[in-house]
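Alright, structures below, take your time with them.
Each of the next two complexes has chain A plus one more chain, namely chain B in the first and chain C in the second.
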Partner chain A sequence: MSDTITTDTADSADAEAEPRNALGTGLGRQLKLLSLWHLVGAAVSVVGILLARRGGDIELPWMPRYALQGFFSFAFVAHMASAYGIGARARWVRPLSLAVNYLLTLVAAAATLHLFNAFRALGDLGEGLYKAFIPFGVICVGLLWVLLSGQMLTNRPTAVGPQRLRTAGWSVAGLASVWFVLKADPSGLILSIGDSLTRPLALGAIALTVGAALATRLMWSRAAAKHFGSTRATDEALSGLAFLSPNLLGFLIFFAFPLLFSLWVSFFDWDTTNTTRDFIGLENYIRALSIDFAHSSQSNSGTEVLKGGYQVLANLDWFGQHWVIGARDVEFWLSLKNIMVFLLLAVPLAVLPALVLSSVLASKLPGMKIFRTIYFIPSVAGVIGVAIVWGQMFDATIGWINYLLDLLGVSEAGQGQGWLTQPDTALLAMVIVFAWMSFGFNTVLYLAGHQAIPKELYEAAEIDGANTWQIFRRITVPQLRNTTFYVVITTSILALQLFDIVWILARPIAGGPNFATQTPVLTLYQEAFTNNRQGYASSLAWVLFIIIFSFTSFQFRRQRDEATSGGVS
Partner chain B sequence: MLLPDDVDVSDESLPLFTFPDSSTRFALVDNDISVAEFRPLDDIDRIIRLDVSSGDKTGDVVTIDGDEEDVFAIEVDGTTIEAYRSRLTSGGRFVSLDDPADERVELVNLVEPVQQFGPRLENFEEVLIDKNLGRSLTNTVLVTIVVVSGQIVTSILGGYAFARIKFKGRGPLFLLYLGSVMVPFVVLIIPLFQLMLQVGWLDNLSALIIPFMFSAYGTFLMRQFFISIPVEIEEAALLDNASRWKILWRIMVPLARPAIATLATFGFLYAWNSFFWPLVIINSGNPDGRVLSLALSTLGGRSSTDLNLVFAGAMIAMTPPILVFLFAQRYFVENSASSGLK
Partner chain C sequence: MQRIRKIASATVALSLVAAACGGSDDAADESATTDAPAADAPAADEPAASGEKVTIRWRTRPDNDAEAEVYGTISDSIDAENGDAVSLTYEPGTTDGANYQDQLITEIANGTAPDVFWIPGTDIARFQSAGLILDLAPIAAEDGFDTGEFYPEPMYHLTFDPDAGAPGDKLWGLPRDVSTFAMYLNNDLIAEAGADDPRALAEAGEWDWAAFAEVATAVSALGGENKGFAMDAWWGPIGYFIQAAGGSFLNEDGTECTVDSPEAIAGLTQMKAVYDGGLAVAYGESGEAPWKAGTVGMFMNGRWATPGARADANFNWDVVQLPTGPGGTQGNWLFWGAYVVNANTESPSEAFDLVQSLTTADTQASISELGANFGQAPERRCSRGLPWLHPAGKRASVPQRSC
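For the complex of A and B:
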């Protein structure tokens, strides 16, 4: 990495002109080699396309197949053009050659790692780490030691003690590393590497990686930049892209592509194993969102009054009139209803106490910092652990909540409420857990908001003889308007994606009892991974995305308005 | 937690129980033994449970509800009575702690376990080794370390490029990065799952690591920090002919330590606590691929019985993020707070 991105500015001091001319003849030879490499690269690209297309047992799944074919097609054209351009000393050849060689390096390196089973070996690394956890701990301690002594060194650069400490830290870490390797026993790994080394494809991938890396390095050099008359702006752009490239490639592969792919899949009848894949247009969306209202002469009518394929979602009685609401996907609509109820209950419960508590904590009492820390902990502790603890508390027979209610005389011993098993309280229990987890975080956000309120406002109010409630109502709340907005929106976005808490707490199955805690994300998960309807699940994801996006864009628009109107930045 | 109080009887820790007619405690010395249920002929509603080998057939036969049953002579409280054997079942053998001669056979679910509050450190050992949570713990550690280091490196590089190096398309690209923060992860689950399936990373830690080594949020964070560093510092170094690579690592990164600490904290909490994605990816029965959150949800799921172990597991899962938060809270709280105002 460091070699490929070392240098840029081509037009540095002219005093170096003499040696560069001498280097020029060497460069000429190297560039001839580079042209040759590009011709080889073009040939390799053709082989690559053919290899990617091959069928039978070793047929690649379609995603890597298309990706490799696309890449090698590009590489073929780019290699041919580069081979020509180097001879013609064209200005455009350097970026093109760099791009194709750099990408080829990465693709070939990834292929090498894949052929050497390095990615699957990550799982074995977990095994090794388990076997050698104690040496690993010692390595960590050693590195921490180095870090701390480094900190001491920056404070007192000449001190001898910290320097010795640092050396000692390094040696501890080094010795522990040897111990780690012995304990983790990498013999299996070494054997499998030796095994792969005999395969021609693996050797070819290594050769390609090294060749492309060398070609990239040569083209990147200052001499080559000078030779092809690279401008300063081009140089800067190239180094910018080089710095960004690892990040950008990850962004494209693991964000941009999946996002578009998800949209595409949502127009298909598509199952997990790819045996079915029919384009059905908007049918998934229509199915998800279809809803039917029917008037009925009697209460509690069933599907008979609805259109075919619809199931009863709800029965309504309005002023003696009976209405039936039906939907094609009742589960999804139920989950939408649940999440709206959840949102309406959980957001106020997560925000209002935070607002009040932050006002108490904002007063400069001693020990404030400790409270800040304590309130923050629920939101960092991890939802699974927290939900499990709450699950015990909500338990009907051994739960603490029923036990407390017994003590208070609210309920009879042994006759406690089955919080999680009753449809009317299950969602409420989730609301409580969610609010508990987010309210501390919100409190801290509010505390930050408090710091931005001008102290003069409070002083003036006190002089006017306002009482605590008036101050809170007339100064604190309006002044915290922006924070409240932000807190409400972010909490809502989190609430709309409720999944983990339900997964742990719902009984007897996720979404239960009787769909009382069915949430959109849970429906999506079940459709995609239980019913294997990935196309339909993708359309649900996009419906959910649009709902969430309406909240997010609200927030973004407001932020932009504030930024342009010179609000809080 | 309510725990059966364990005592050491011949170097083995045994669960304790009480019988309604005795004030002393009994240790369950033998579980799952065959138990015979006898009913005395003079009081056939009474049930006497004894070891299956006890009682001798007298040779007589008695008819109960139309069935012929052998009559046994059994010894109860020193007297011999006649009874028939109504069924065979399995139960436990209990020995009184005060009087080793007082030995009883009873169904385990019919006696009251002795419950007592008390610390029991063995829970951690049990949950880590017997319940295989140790393996999940190391997986989580591995995933977290690689994800956090990867995010730091890619975010530093990307953030620096966005902050300081001019290239075509930088503005729109950065807007794309910003916009990506608005996309909820659920939209990406299915396509990412397909991608992992096709690359062959299903059920593998790679799927938990590689896609998460890149963070748009982290890039944004680092970019904001780099922009706040005065350009003059860098320009001086550029004039000295230092490469951008050197400037970044020698000058910018040491200055950016607070931002890196923030990024590392967020990355740690995210990677350590993530649940949905591992649930999707590590879905086969292979417990060796599990991460901590997943193993914990299986252990503490709806049908869990060993609450003490579940809670020990929850403690193990919750302690590291809390510790990291305590150490890094300065960065963490400040950053969460300032994002609330931006």
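For the complex of A and C:
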């Protein structure tokens, strides 16, 4: 209804501003063609829907079948609306037609590149460059001479030397280019392009790309904007969207879609190898979260007191009473317990030293810049490398830590602590590595926070006779409250997602001795890629998401409450 | 305005009628190829046009760059022999971080896995039951291929028919190699401890758990960092103790776990005693590093420890068979892996040709001579008398069968 009103208004407004015979002009003819283009697009979309629906031997798997049907149905509606809107000279048609044609251009261009093996050719190009690396270097040298001579000639335009250098530069670069082409041997690439050009599908893709690009250009033009009575606000919004589109499309395709898709997958019994795919509703979530308490007459009872399908998670003795806690997925619950312990230990260790250290580094003492760099190094080092080095340090027999303890006389040679292989220290080892890697970056964040503290506060405190500890406690810490909030949140999220350190460092397997280093993300990975249960793994991912989300929103709420109640003093 | 509406209605009606009435695949295909390349492009790509060159991709899990290079060379030489019809591409699998088999399964699910790949023997059933590998029996029958040339133990599994519950008319792949565990010895350390030489004990038929414990105790008694024994913590070494005591992980049908049988518990008790007595490098820690550092008397491992030993061990070392347990056997494993064919390969016949080429005696000999699979028994029997089994006089594995 509102569309009709808009259209009518636009019609009447344009009728005054522009003679009605516009359709007889060049733009009018082009718009007619564009309208036809959309109608053809609608017809092709219908064919697309029917092709996607067809059964028999060439029936598509259900997912692409529904996805393609959805895609073509959407395309059909958009094309029909565009065709209608152009005829009706509706104001809304310009953004719609632009969106349709712009997206079509992108898809068709990607398809064209694919059909011409362009993505694979990129690899060939790299290989060609590798093979012809010397001639490539010589070309660069030649061009460098040209550049140098150009610089010299600007100062002395008639000098003979630079002119000769320029000639020599061009000659060397030219000859090296021939050498480059011979060495890189692009004949395969040329033949492949020639071969693709003879295929109707490839030619069709080129035609579609060009057509859609022209249609986009027509709708983008000022004349079209005027014809459809686009407002300045619409134009600005369209420009904004156009600039945003590369990032937005990337976000939608590679982030938002997989995210929502994993939610969908979590409701299925979905095998990686596609042999099983049954809708099971919330069963995955129920399995992950199921827990059972049972009272037992004796301590250390087993599964016999639990419901069927449950395994023992823990045995508890409370005031002479024996309790057994069971879970259907013991590994997941153990990993939750581990990650909570990890969080409680790792976050303070990664944040508090950073807070103290940043106060030292923020001082004007000589050499502080060097120390800032040194403390930042662990943050930029690769996790895999760091974990391998720490693995060597923690090794019970040939590790540096036990060696140093031996030297200090704390332990005996050959009897050193198995840091990674004993259940009581394995997680602690992970905490140390995580804190070591995180606190440098946190220090830098705190240093940035220090810059924002007004110097007058410190001056006033000194005049009032406050000592260093009082200044730190009463001024630095409260003033860095926002930084602390950010640092705690980001470090906690990283801690809850612990995977890579454990994957490399844990012994003898990733879960560590007796599941001591089993983490939720590790469980998720093992379910998805070792046990091939994608559905269950997806449900674990969403459970983990809910935990992290709750934790973060709790922190946000606390921060807000503090802010409204005047903050820490 | 009216005209455009009419055109629109007519177009829709026509296209619906055309698509519904035509219905034939020819008409539909034509539309797809001329009008809708954008959406159909990925699926319609790569037509298997006749006469087009077939490319076969294959993969193994090399232990290091040198081994990857060896397989690359082998791939090139088979490729050169094949002529122009088939082209081979070798892709070394990853050995660090990512799990080789997990990555393969994900790639198969995505349709990007290679045509031929090597997997450990323990994964054959897993890949087969998930429908990921091709039954090569029909192609082998066409070629008149004889599987009798291979050791029967791996072939039992590679021809296993799950429906019949016994080997049958199936062929899931061809084995690349077989090897077993051996006990790597630091002769210098054992001599220093004044213990009996395990090789002499084995010759005399006295190499059992009691003798093993004596040697381990003597070496550990040297004190300091010295330990009598080391092994890595995974099912292989643990399984040795169970099997040597007469037990097994599973019952004969493979339908029931039997690690709680008295024999298995006796084996595990012996293993625990070795650790509790302080005779071994701490459980879970890598055994290889201290062994190479010269502080371990005996190190149980497979052939894959040999290159490292040859490169890094600065002492007099050798290998001996595993000590016989109370079950009266060595309880050794037969480790093997096989080349298998991706169930979704577009060129099964060419893929099987490659599997055959990779398992000929000549290829296996070349691989050994080029430096990979040190001290490993090539799979095919009666090839060249296995001279490469003894590089530099070090027997790295004890083949269960030889010519």
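To be clear about the criterion, the second predicted complex is superposed on the first by the 350 of 569 C-alpha atoms of A that agree within 3 Å, B and C clash if a C-alpha of one lies under 4 Å from a C-alpha of the other, contacts with A are read in each partner's own complex, and residues count from 1 in each chain.
Simple rule for what comes next: a contact is a pair of C-beta atoms (placed from the backbone, for glycine too) under 8 Å apart; a residue touches a chain by one contact, two chains touch by 3 or more.
Every value quoted in this text rests on a predicted model; they were computed, and no experiment measured them.
Once chain A of one complex is fitted onto chain A of the other, the partner contacts of A:503 extend to both chain B and chain C.
Once the two complexes are overlaid on the shared chain, A:50 sits against chain C while remaining clear of chain B. Of the two partner chains placed by superposition, only chain C is touched by A:84; chain B is not.
When the two complexes are overlaid, the chain among chain B and chain C that reaches more residues of chain A is B.
Of the two partner chains placed by superposition, A:31 touches none, neither chain B nor chain C.
Of the two partner chains placed by the overlay, chain B and chain C both lie in contact with A:529. In the superposition on chain A, A:384 contacts both chain B and chain C.
When the shared chain is aligned, chain B comes close enough to touch A:556, but chain C does not. Of the two partner chains, chain C is the only one touched by A:115; chain B is not. On chain A, the surface touched by chain B in one complex and the surface touched by chain C in the other have residues 64, 272, 384, 398, 503-504, 507-509, 529 in common.
Taken in their complex, chain A has these residues touching chain C: 35-36, 39-40, 42-44, 46-48, 50-51, 54, 58, 64, 68, 71-72, 80, 83-84, 86-88, 104, 107-108, 111, 114-115, 200-201, 204-205, 208, 271-275, 384, 395-398, 413-415, 418, 420-421, 503-504, 507-509, 513, 529-530, 532. The touching residues of chain B, counted against chain A in their complex, run 2, 134-135, 138-139, 141-142, 153-155, 157-158, 160-162, 165-168, 170, 173, 176-177, 180, 182-195, 197-201, 204-206, 209-214, 216, 219, 238, 241, 243-245, 248, 269, 272-273, 275-276, 279-280, 283, 288-289, 293, 296-297, 300-302, 307, 310-311, 314-315, 317-318, 321-322, 324-326, 329, 332-333, 336-338, 340-342. Within the complex formed with chain B, the residues of chain A that make contact are 2, 5-9, 12, 61-64, 119-120, 122-123, 125-127, 129-130, 133, 136, 233, 236-241, 243-244, 246-248, 250-251, 253-259, 261-262, 265, 272, 372-373, 376-377, 380-386, 388-389, 391-392, 398, 441, 444-445, 447-449, 452, 482-483, 486-487, 493, 497, 499-500, 503-504, 507-509, 521, 524-525, 528-529, 534, 537-538, 541-542, 544-545, 548-549, 552-553, 556, 559, 568-569. In the complex of the two chains, the chain C residues touching chain A come out as 1, 3-5, 7-8, 11-12, 14-16, 18-20, 25, 28, 31-45, 96-97, 99, 102-103, 105-106, 108-109, 130-132, 223-227, 232-234, 278, 281-286, 289-290, 293, 295.
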